[in-house]
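Should a chain be cited, it is by its letter among A, B, C and D, assigned in written order, with residues numbered from 1 in that chain.
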Amino acid sequence: MMPLPWLVVFLPWLGAVALALAPPRGRLPALVNLGVAGGFCALALGLLGAEHGVQGWTRTDAVNLPLVALSGLIGLASAAFSAATLDCERFDGLRARAYHAAFQIFLGAQALALLSDNLGVMWVAIEIATLSSVLMVAVHGTPSAIEAAWKFFVLCGVGIALALFGTILLYLAAQPLVGQGDPGLSWGALRAVAAHCDPGILSLAFVFLLVGYGTKAGLVPLHAWLPDAEAEGPLPMSAVLSGLLLNAALLAVLRAKAVVGLHPGALAPGPLLVGFGLASLLLAAFALWRRRDARRLFAWSSIEHVGLSAIAFGLGAPFAGMLHLMGHSLVKSAVFFGVGAAAQIKGSQKIAEIGGLAASHPALGWGLALGIAGLAGLPPFALFVSEFLLVAQAAARQPWLILPLGLGLLVGATALIRVLQALCLGEPTPDRPVPGGFALPGGLLWATLPLWSLLALAVLLGFALPPGLAALLSDAAVLLE
Amino acid sequence: MSFGSLPYDIAHLLGGAVLLMSFVLLYQRRLEAVIGAFAVQGALLAAAAFWQGFAQGAPHLYVTALLAFGAKALLIPLALRIALRRLGLHRTVETALGVGPSLLAAIALVGLSVLVVLPATAGQAQALTRENLALALSVVLLGMLMMIARRNAISQLIGLLSLENGLILAAIGVQGMPLVVELSTAALVLMLALVAGIFVFLLRDRLATLDTGDLARQRGEGEAP
Amino acid sequence: MGWLAALLTQILHLALVLAAAPLVVGGIRWLKARMMGRQGPHPLQPLRDLAKLLRKRPVLAETASWVSRAAPYLGAAAALAALALVPSFARGMAFAPLGDLVVIAGLLALGRVAMALAGLDAGTAFGGLGAAREMSFAAIAEPAFLLAVLSFAILAGTTGLEPIGALFQEGSLGLRVSLGLALVALLAVAVAENARIPVDNPATHLELTMVHEAMLLEASGRHLALWEAASALRLTLWLALLSAIFFPFGTAPAGFAPLGWLLGIGAWVGKMALLCLALAAFENAIAKMRVFRVPEFLGTALLLGLLGALLLFLSTRLA
Amino acid sequence: MVEPLLPGGEPAILLARVPPRIPAVLTALLLTLGALGLLALAAVPLARFAWGAAVVHGGVLAAALALAGLGLAGLLAGAMPPAALPLSVPTQVAVDALSAWFLLVVGLAATCSALFALAHGARLAPRLLAAYPLFLAGMALALVAADGFTLLLGFEAMSLASWVLVAADHAQAENRRAARLYLAIAVFGGICLVPAFGLLAGVAGDISFAAIRAAPPAGWTAAAVLALVVAGGGAKAGLVPLHGWLPLAHPAAPSHVSALMSGGMTKVSVYVLARVLLDLCGPAQPLWWGVPLLVLGAGSAVLGALRANLETDGKTLLACSTIENIGLICMGLGLAAAFRAADLGVLAALAAGAALLHALHHALFKSLLFLGMGEVLHAAASRHLDRLGGLIHAMPWTAGAVLVGVGAAASLPPLSGFASEWLLLQALLAAWRVQDLAFQVLGVAAVAAAALAAALAAAAMVRLFGLAFLGRPRTPRAAGAQDGPWLARAALLLPAGLTVILGLLPGPMLDLAQGAVQVLVPLGMAERGGMLAVRVGDGGARYLPLAIAALLAAMAALAWWVAKRRAPASVRGPAWDCGFMPPPPHLPFGDPATQPSAAGFGQPLRRMLGGTLLAAREAVAMPPPGDPSPARLTASFADPADGWLLAPLARARDALAARAERLRGLSLGAWLMLPFATLVALLALAAWVGG
């Protein structure tokens, strides 16, 4: 009986094999996909109950369990949304297979990336996640999709290569102390010896890991691939990419930080993270004002929020960081569902051609409006709580941060408000549904259901966190401190 | 092992040769020559891996050596030559940064890597690892430099591949690195995927370079209103 | 016993000012005429006009509402109430503690608003014009008044009218530049508030230049009588105010003192007569100014008040 | 339930603070908040039915009454230990005298607003029904919060809910613009207040009010907190120069909402200013602590009152007068801070009492005026002063009630507005007692500004009432108007009655506010005015509103007796109007154009002050000789805050955005350059640090 974490990883991969082999008949693949995602979600949630510890190459601790549970929920929601909107993608058989298989591979890979204790395994997992997501981005085969996928592939390929170098360096630093063999790359072992390692190699390793995994996390100035990749793939892709992939990559950076930060002599990782975070926040905040494409806009806002959590972690407010990471995943995925549904109703993802949703489709429009308001940091979502903690902590610890932080938050929030009103208020623009329409009867309902459920989860996360989970998060804060 | 001892000298020699090939890659002006140089680098890398396996008494490094040789010295160069012939791409390297300047930049980068590594690992890691690390880091940086300094898709790809060579060089150089085989294989898979991707890309619409197309022009957002 | 004296003082005061009000208006007209070498109307003419108007049947515009009926009473009441608070011949009146200079300003504002609303009620062009100008000028007159009050408050430590008068009467302050400035400011405000030359010409009905009369164009009969009475009372009030603050000598102390009261009444009548003479001379000396020069006129008063207060700070600092 | 939330090195905000026992007042308060939340949830399905709106608004009415009652109870009961909300994030609520006072204010304003909504708001859209209770709940939560997080939570919830209401009619572009600016300002307020609390709490991160009081800020921290709070709270309160949203948002919202926004929400922002600057930051602050509030307050008072004389839209006019009154209240608060710093306890208490009293009075008469304009809007289908007129004949009830509000807003004795303004003026007239020449000069300027603002407000109110209710109807629609249903009349009569009563009894209200004053000025022993009077100090000036009212009545009776004794009854006739021709038969009410217009009434002030303060312009277009077309006079003005603050900021933002955009034009090769450059730079850094 293999340990539960491995199940969490292998179930989606088995599903991927099945989906790749099974002939795509009618709606069957979508439903199978949904079913597997459901199983994955159940396992991921079940994992919350499991005791913490190391099982071979994987570890379960307070840091990754909440994120795994989160990926289970978002994966399920995305599968449901993709089942509802499959027909609008107009896949042929091969593409449908590729898409579904890649989806499951990605789920498993990023779960492995979260769960892995061995940094080498984590690297492999992130590479697999990259490959599968590249496949998903390119699946439409339109020139712009290929273009985006290619950019994604090249930039992240380089990034991953650098990350591998960093991993090797990390082992090199620890090697004299942990000796040879697998434990040399185990996070726990590394943390145990980090304080006595060679600070020079440690900082070198952190530099490479930061640039490498930071590329995948979309930190400015390594973010070039993100907007196009999230805007060109199939609709559920955007949610999965910004909801899950970014978390996994950022967690990798944090694991590295947690190791390197233990050595006083090494390059201090905190200020570096704060610097990257500020750059992301400010650039994204101003870039938001020039967006004309809805999905690209929210991709940029993902950059902004990843930057915010980076600042939180860099400042040493990991609780706020974790809360922000999870809250952003929930709300942003919800918003992407909303935008996707809207794009299908209006037949375009240009902001100018989507308007008045609140009047024409109240359930969708107000859900989207709430979500965007949440992204702008307004209650009642978890992002409000986390941003409060983050800004208050920043003001208390580094008062000079108030100005850049406030500027970025204000500019970004006002841009989001502008888009919120452009999308949801005013006279409705004419509907030009994509031929094929919604897959399920009452498809719009099925497309808006994930949106609202994720929003509800975001509210719970912020204000009605179950005690167990709260304890988990605070332990995570301790681990990452 | 330490200075003066044969294993060290040979390992050092091989590492230096790999780095030298990176310079050669930057120096070449014709694509065939670039591919050839890359093949040689792959062969040298394989040799280095083989020797490290022998010297460290780590048999799994032989696998790495075989993989490296098979893929980097034979398979990929062959494929690239075929692609070159098939597509009849113009054969000269287009540079974003001239050959001379790029060589100067390369020297600077090597200096930087030495500067970074030597004080860093002073004392504790053995001399060989240190040297090896400096070499590998230089190879990595030079690979990246090549990606930036060249315009053709193929030479950019080769830059990335030689970057990966640098990774392997580092991995094998470290005493008892776990998962070497797995990691190198995974990296190789990534590279092969990239090669495949570039094939798709080149065959799709005879693009001679990586950065063209819609997104570069209008980022999928339509022209500004 | 004290409250009886206070009540008596108050009643006497009210009777005195009620008697004085028409005389003040008529007296000033008569003096002006004489200075111009005209015969001029009898000083009691305003009283006769009032009696005549009271007997006439008021005509209300069809478009007028109950505001036109109620406003005159309110205006007259406001003026009377304010006047009841300003000591004339003796201190220690019963109503004196009810309010201070700020309250008096408020009561004047009440009367002003009542008149403006009455002017707007019928919906005629000139009523609106007059109301707009009246309220606008008041907007500058009021700060000037309060700045003058500020000077007194700094010297006397309170805005109560009686303490200020008492303080100035014992003359311990001596002559102060700032008081002079406050006096000038107060005079300017008084001229504006009472629609005298140069701000307004009470004698004409040339619509375009007038402010005060324009609001009364629709009033007739007893309503007009009440308005006239109100303006007469306001004029008396301002003169009494000036004399109570700047020329408080001769004012009888609080308490029951018939002799002192006689003296006080005499002194007060004298002071009022002098003020009337000065006003008449002033009005004869200068011409009415263009409407939009008025803000500058009042603005100057405002600045003088400001200057007075500042000088006061400096002097208190030097002293 | 939140003990687990105890990460090391994390803000201790995450500590659970379980109070010994929850006082009854707090329990009732939490229940009310919960009820409002449930009401908001229920509103969406309820909106389907015709009676749904009635249920929701009735519920809000009950809640508002409960809040007012709880405020009263809190004022009488005194301070009580804080209680925690049942949330996973530790949130504290408590009711001290200050919160209770503002609860009373908001509760009363909300009562009137809900009554009006009950009368008129049938068949509203679900979003409006749902947002209305949330709006009230947010305000109440912000008022009873006992830590920074809860305060911000209520503050932002209030803003978001009211944004939905401001965007009620989002089909019009200008309403969308108003809503956008509104929400942006709300976000700005939050972004300013959060770091302020961060600075107050320090690294320990305990943002409970008790902890902050224990360690008041000093030095540059204090200055930063002051700047942040004045910017954040002032923006939401409508203080110059961040008042631009107010004249846009208030007209955009439905009338009962604009009444609540102007009467209640701005007071919540004032509460935040008072709570943080005067209470939390402690009494040990320097003299300049109060100066920003004093200066900005004076500026707001003058600018708002002047602009109220130029606006031609009734509700916009009222919004500008709100700016003016908020300015007066802030002047009182700033003055209190300054006096407190100068150890003039009595005067500080006087100023604080004036501010609190004026907050209450303004909440009532401004709600009354907004509801009155709402009634007019319902009946005459326009808010524009040039489309109204003569409504006093058609809507006697509304006219009467509004007249009371107008009198109070014009600060005429013996109404409520005058009482609080008298106190404020007395405090200002005593500003010279602070032994600091600069402050004394400032005090003189403040006196002038306050008096100017009061007189300008009087002019604006006369303009409003005279143009809307007096004179002749300017449109047939205005001629056909009529009073609202009885419930709506009650919604107007309630605040009107309260305005009169509070105007007559400022003394008892001041005594009631004693506790709140003590919170703001711990050392200040305020003058207990007694039943009849308010006074400055022993032997100082006094104001006896009841007596003044009696005196006025007596004198009016005297005048009436004199005039009416043997006077014939009056008759009706055509208006004399200096003998101008009577109106043509096709204009039964006379030619509307021969009445003063909104722009015309404002002309004197526009020429006197508008040109300098509001960049007012007049352009006359004369037709050429022989052309029968009329000459046209167009008057315009621009608020300096828009031209000098908002527009340049927007331009700078766009310029920066354009720069950021240029980065995206890069090619893939260039994109590879960036990671490379980053890597090399970091390596160099590492070498530098390591070597």
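The criterion applied here is as follows: a contact is a pair of C-beta atoms (placed from the backbone, for glycine too) under 8 Å apart; a residue touches a chain by one contact, two chains touch by 3 or more.
What you see is a predicted model, and the numbers here were worked out from it, not measured in a lab.
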So which one's got more C-beta contacts, B-D or A-B? A-B
Centre-to-centre distance between chain C and chain A (centres being mean Cα positions), rounded to whole Å: 77
Roughly how many whole angstrom separate the Cα centroids of chain B and chain C? 99
Whole-Å gap separating chain B and chain D, where each centre is the average of the chain's CA atoms: 68
Would you kindly tell me how far, in whole Å, the mean C-alpha position of chain B lies from that of chain A? 31
Where in chain C do residues touch two or more of the other chains? none
Can you list the chain A residues in contact with two or more other chains? 150-151, 154, 158, 162, 200, 203-204
Could you list the positions in chain B whose residues touch two or more of the other chains? 116, 119-120, 144, 147, 210, 216, 219
Per the touch criterion, the pairs are A-B, A-D, B-D, C-D
Which positions of chain D touch chain A when the two form their complex? 1-2, 4-11, 13-14, 87-89, 126-127, 148-149, 152-153, 156-157, 159-160, 167, 170-171, 173, 176, 179-180, 183-184, 187-188, 190-192, 194-199, 201-203, 205, 207, 221, 224, 228, 653-654, 656-661, 663-664, 666, 668, 671-672, 674-675, 678-679, 682-683, 685-686, 689-690
For the chain C and chain D complex, residues of the former touching the latter: 54-67, 69, 72-74, 76-78, 80-81, 84, 95, 97-103, 106-107, 109-110, 112-113, 116-117, 120-129, 131-133, 135-143, 145-147, 149-150, 153-154, 157-160, 163, 207, 217-218, 221-222, 225-226, 229, 291-292, 295, 302, 305-306, 309-310, 313, 317
Residues of chain A defined as touching chain B within the complex: 118, 120-121, 123-124, 127, 131, 143-144, 146-148, 150-151, 153-154, 157-158, 160-162, 164-165, 167-169, 171-172, 175-176, 179-185, 198, 200-201, 203-204, 227-228, 231-232, 291-293, 296, 350, 352
Where on chain A does chain D make contact in their complex? 150-151, 154-155, 158-159, 162, 199-200, 203-204, 207-208, 210-211, 215, 221-222, 224, 267, 272, 283, 286-287, 289-290, 316-319, 358, 362, 366, 373, 376-380, 384-385, 387-389, 391-397, 399, 402, 405-406, 409-411, 413-414, 417-418, 421, 425-427, 462-468, 470-471, 473-475, 477-478, 481
Can you check the complex and tell me which residues of chain B touch chain A? 116-117, 119-125, 129, 133, 136-137, 140, 144, 147, 160, 163-164, 166-167, 170-171, 174-179, 182-183, 186-187, 189-190, 193-194, 197, 201, 204, 210, 213-216, 219-222, 224-225
